[in-house]
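Naming follows writing order (A, B, C and D), and every chain is counted from residue 1.
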Amino acid sequence: MKRIGVLTSGGDAPGMNAAIRAVVRKALHEGMEVYGVNYGFAGLVAGDIRKLTRRDVGDMIGRGGTFLYSARYPQFATEEGQLKGIEQLKRFGIEGLVVIGGDGSYRGAYALTKHGYPCVGVPGTIDNDIPGTDYTIGFDTSINTVLEALDRIRDTATSHIRTFVIEVMGRDAGDIALWSGVASGAEQIIIPEKDFDITEVADNIREGREKGKKHSIIVLAEGVMDGQEFAEKLDAIDNFHVRVTVLGHVQRGGSPTARDRVLASQFGAKAVEALKEGRGGVCVGLDREEYVVRDIVETLDNIRHKPNLDLYKLNEEISN
Amino acid sequence: MKRIGVLTSGGDAPGMNAAIRAVVRKALHEGMEVYGVNYGFAGLVAGDIRKLTRRDVGDMIGRGGTFLYSARYPQFATEEGQLKGIEQLKRFGIEGLVVIGGDGSYRGAYALTKHGYPCVGVPGTIDNDIPGTDYTIGFDTSINTVLEALDRIRDTATSHIRTFVIEVMGRDAGDIALWSGVASGAEQIIIPEKDFDITEVADNIREGREKGKKHSIIVLAEGVMDGQEFAEKLDAIDNFHVRVTVLGHVQRGGSPTARDRVLASQFGAKAVEALKEGRGGVCVGLDREEYVVRDIVETLDNIRHKPNLDLYKLNEEISN
Amino acid sequence: MKRIGVLTSGGDAPGMNAAIRAVVRKALHEGMEVYGVNYGFAGLVAGDIRKLTRRDVGDMIGRGGTFLYSARYPQFATEEGQLKGIEQLKRFGIEGLVVIGGDGSYRGAYALTKHGYPCVGVPGTIDNDIPGTDYTIGFDTSINTVLEALDRIRDTATSHIRTFVIEVMGRDAGDIALWSGVASGAEQIIIPEKDFDITEVADNIREGREKGKKHSIIVLAEGVMDGQEFAEKLDAIDNFHVRVTVLGHVQRGGSPTARDRVLASQFGAKAVEALKEGRGGVCVGLDREEYVVRDIVETLDNIRHKPNLDLYKLNEEISN
Amino acid sequence: MKRIGVLTSGGDAPGMNAAIRAVVRKALHEGMEVYGVNYGFAGLVAGDIRKLTRRDVGDMIGRGGTFLYSARYPQFATEEGQLKGIEQLKRFGIEGLVVIGGDGSYRGAYALTKHGYPCVGVPGTIDNDIPGTDYTIGFDTSINTVLEALDRIRDTATSHIRTFVIEVMGRDAGDIALWSGVASGAEQIIIPEKDFDITEVADNIREGREKGKKHSIIVLAEGVMDGQEFAEKLDAIDNFHVRVTVLGHVQRGGSPTARDRVLASQFGAKAVEALKEGRGGVCVGLDREEYVVRDIVETLDNIRHKPNLDLYKLNEEISN
């Protein structure tokens, strides 16, 4: 393979630029050329493609977001869109594509491969919910961003003896809530993977106050419920005057942590190696500290991302 | 004066601990004893008072919140509460009181002074809206916290070409929105002190997109409107898919910035000097780089905090 | 076991407080009492021991350093010191001890166990060089601290087209240099585990400049050489005007990252579980994403910590 | 004036990019064109000049360093260099120049004005030592960077009961040491503007230990002495085992604080206003919260930057 492409797709995540940089630099190191596709699959279909040089990725390793831009593009689910995309790639002489993104992006990569065009998926999303890897690019940065917010809230919660609900990202996966919750010593963590009883939550707050706890911090994954709604339910049980913070897209930005940059760099290089060997329809992952390359279909079909429920249990034992 | 007290009141602000530390250390340096009152005026009336030593404030300069806790306590507006408070202070032999907080706290301090008990007000609130000082303790930290969030949102806004509304604190004063807005290069800043026209806001977003701007970030002071409501109004005009972040109490916490620590240290020391000279019914402030001590009544009656509207104009000129 | 003790020993590391908190909370959850030993083995021999309650570890999870203090205490290598330590523990009715620290601390823990007193080692050091675990408490925080410094230096290096040497911690292990170097996109990483040729280093700088690179950043592990000495050697080859930064103990401090807090919490809880089962002479570790409990002697004798030389190779491929 | 230029000169400072952005945006707002000169006066003489557009400064407000690069260029002191510079500016039709930098840069700006070419100086340096302004661009960021390092060192200093010397920037001016020292609660601050006695320093450390202080942190301005040398002098008096950190260029980098960005934006806009009015040979400044424009010569000749020695005195009173 002499010329490869790279795009970012879906929600952006800190470390995507570090991954693009690694793809570019590793490919150049292997004697290949690299083209960047702007705006994910939308730009692919539109042919928004340009050559990337060593300098284009200079000083990019520490930047949040993605300099290739991203977009959600449901139309790529159609065969028409996919074939148009392949046509554009061929027009530029690009022989293989690295797709950095979440599981929607993986499906796009898989579709292209099915049409005979080799693609490699790289797990990039803050939610940590992509099958086939223990960690995704952006997750570590995201939990540290949430943690910093939780630390700040703790200051004011302690000063005023208050109850706070912090709504964090995670529609289907509670990983952000779990890790940031344990790391901040949050009193309670509410995630989609675990049922909860709002009256028990209220009981815990009251018990904490009786024990002399100065505050009660509840980390809530957005997939469970809206933060405001949760607060209202709590206040309906007792007059807690619950305060709500909705961090929103703050969680997606920022300069990536050391770990996310290292992970992204390894993933990017690994993806290039796979393409160099002519492999497509695969995705890279970190499996118990080992960098692996796996079949996308098998991964999407057979592997389920599981939250670390040991953390949930641990928090119940040590946070109260 | 041989023995003084100190309390924090109202919403907590980063740097309050640095101010308490300065009060304690300066008083000890002047040969006085210091007592801390927990939970603001509520604790004062309840007699929740304890002696503070040099060690109690060791390693406190960098901590967010207030280790004396704070509380809102409207009951302190009654003469009964005030006399009870003075009784408690006298019971401990405390001859003067430093009150760190916002304008509600100033009114409490003034009331005590009117009853013949010398109090000194120290401006501590993130809102920067206390008359008689250019800056309040906590403001600088707060705008940097908001700025960090805005920088993160910019990453993702740029990656996706999106419009964001960030609701920040400020019921009556737009200072946090103004400073963080200018510092982040926000496209628009909406504050209570300036009328705005939602259709113009929408027009600006569209113009920006036509000019090729990748994002549109709007910083909204909570006093104007709820972030969600603002977003709905915008989306009703055009299909912007506006994203909302409500930072909430995140803005109150965190380790204070260098400037807030220095300001708090100077204010604390200045307050002790005033008490040492037997002055009460005064408040300390920073007036054009000079530390001043002013009459509380005159300050509350005659001085109005004004937002820096030069910043508003500047942002209109350079952010688009 | 009804009563256990905990101490921190050797160089302090961010996350030690989170580990102590987990030990205390988990032990209380299991119905045990916990005593804290101040100043490591020195305090143990001196009997500087006190009961710890739930509240003693409140708001401790985010604090840098160790609130039990630490100390280096070579005298603990003598049997006399060890027996004195056990005597003190017995005097307080403490039946088992958690020792948080580096390999020196492990040896102390092992010595006590050999005398029949059950100890569990918890890996706490920024250097990441303890056998039997993939990561140590403090390492993740430390590499992020170094990374932040490197990002700052990059700003100025780029602005001025300069060569910088940053000396980081790591006497025998290059982990901090490796991870922070890869994460920052440093041009060169010099570690104890890899030979280097100073003339090649100089050649690389010159080649970089010819390629149009704006800066050259070299991360140097202290175990290889002093930063100043390294700079002088480089400047002797060519007139680079190399600038040196020696981060020193800055690398040991700061609020721990999310990952370090989670790791410390898991380790602390795991150590209590081991003691609860009556196990001593063991150490906890993270082995390929799994929390494990291993024999200390076997671990110290048979397992060597190895640097991740894949990272070294990756950096050579993508940083230039 | 229809076309102006802008350059950055001397040591880089966080916020320089924000100032350039303000110059560009304000000038465009006023209907002028803007050209950027790379590498300061060196690039000016060499004619390394290019047109800047709105987009060139997009997303620049938060970046450290200077995207126009900087350089020290002593040759600009010659009339030959100056005339060559003016020739280059005229070649591009540039009618006025904004020079962002320290006092060396001011002298360059003044020299050009003397030759009849209008220049405006903007104070940009972390050292805060430029006459005619209370604060310079970069100072606030720099003291917060130093503060963060000092907070980290305090963690480890407290854990181990140690003495630390931190060497910070400031050849002639002690501002960085003073502000960061007070903000961190450093036990001692050593600056060029105040004599000190090493035996008194040693006495203070010993007294602190006797009082039960867990650590002793000394902030030393580089202009006084080398950190290593200072430590050796201290250790010669008593066996303190002083640890040294030399922060070096870390202090110059990083994303600017809110205050530095606001200051830089105001300064940049003000400089454009001055040129628009046809004024040259002036410099902008912040004088007791007011933005002012002053004659450069008078400023350089008659105004001396003075350190805030009230801070020095305050620290002596409250840090021990």
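The criterion applied here is as follows: a residue touches a chain if its C-beta (ideal position, glycine included) is under 8 Å from a C-beta of that chain, and two chains touch if they have at least 3 such contacts.
Here the structure is a predicted model, which is why all the values come from computation and not from measurement.
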Greatest separation from chain A - chain, by CA centre: D
Euclidean distance of C-alpha centroids - chain C vs chain D, Å: 35
Rounded Å distance between chain B and chain C, as computed from the means of their C-alpha atoms: 39
Distance from the mean Cα position of chain D to that of chain B, given in whole angstrom: 28
Chain D: positions in contact with at least two other chains: 151, 154, 158, 214
Contacting chain pairs - touch in the sense defined above: A-B, A-C, B-D, C-D
For the chain D and chain B complex, residues of the former touching the latter: 21-22, 25-26, 29, 54-55, 58-59, 61-62, 134, 140, 143-144, 146-147, 151, 154, 158, 179-180, 182-185, 211-214, 255, 257-259, 261-262, 265-266, 268-269, 288-290, 310-311, 314, 317-319
Contact set on chain A toward chain B in their complex: 8, 11-12, 14, 16, 63-66, 69-71, 145, 148-149, 151-161, 164, 214, 243-254
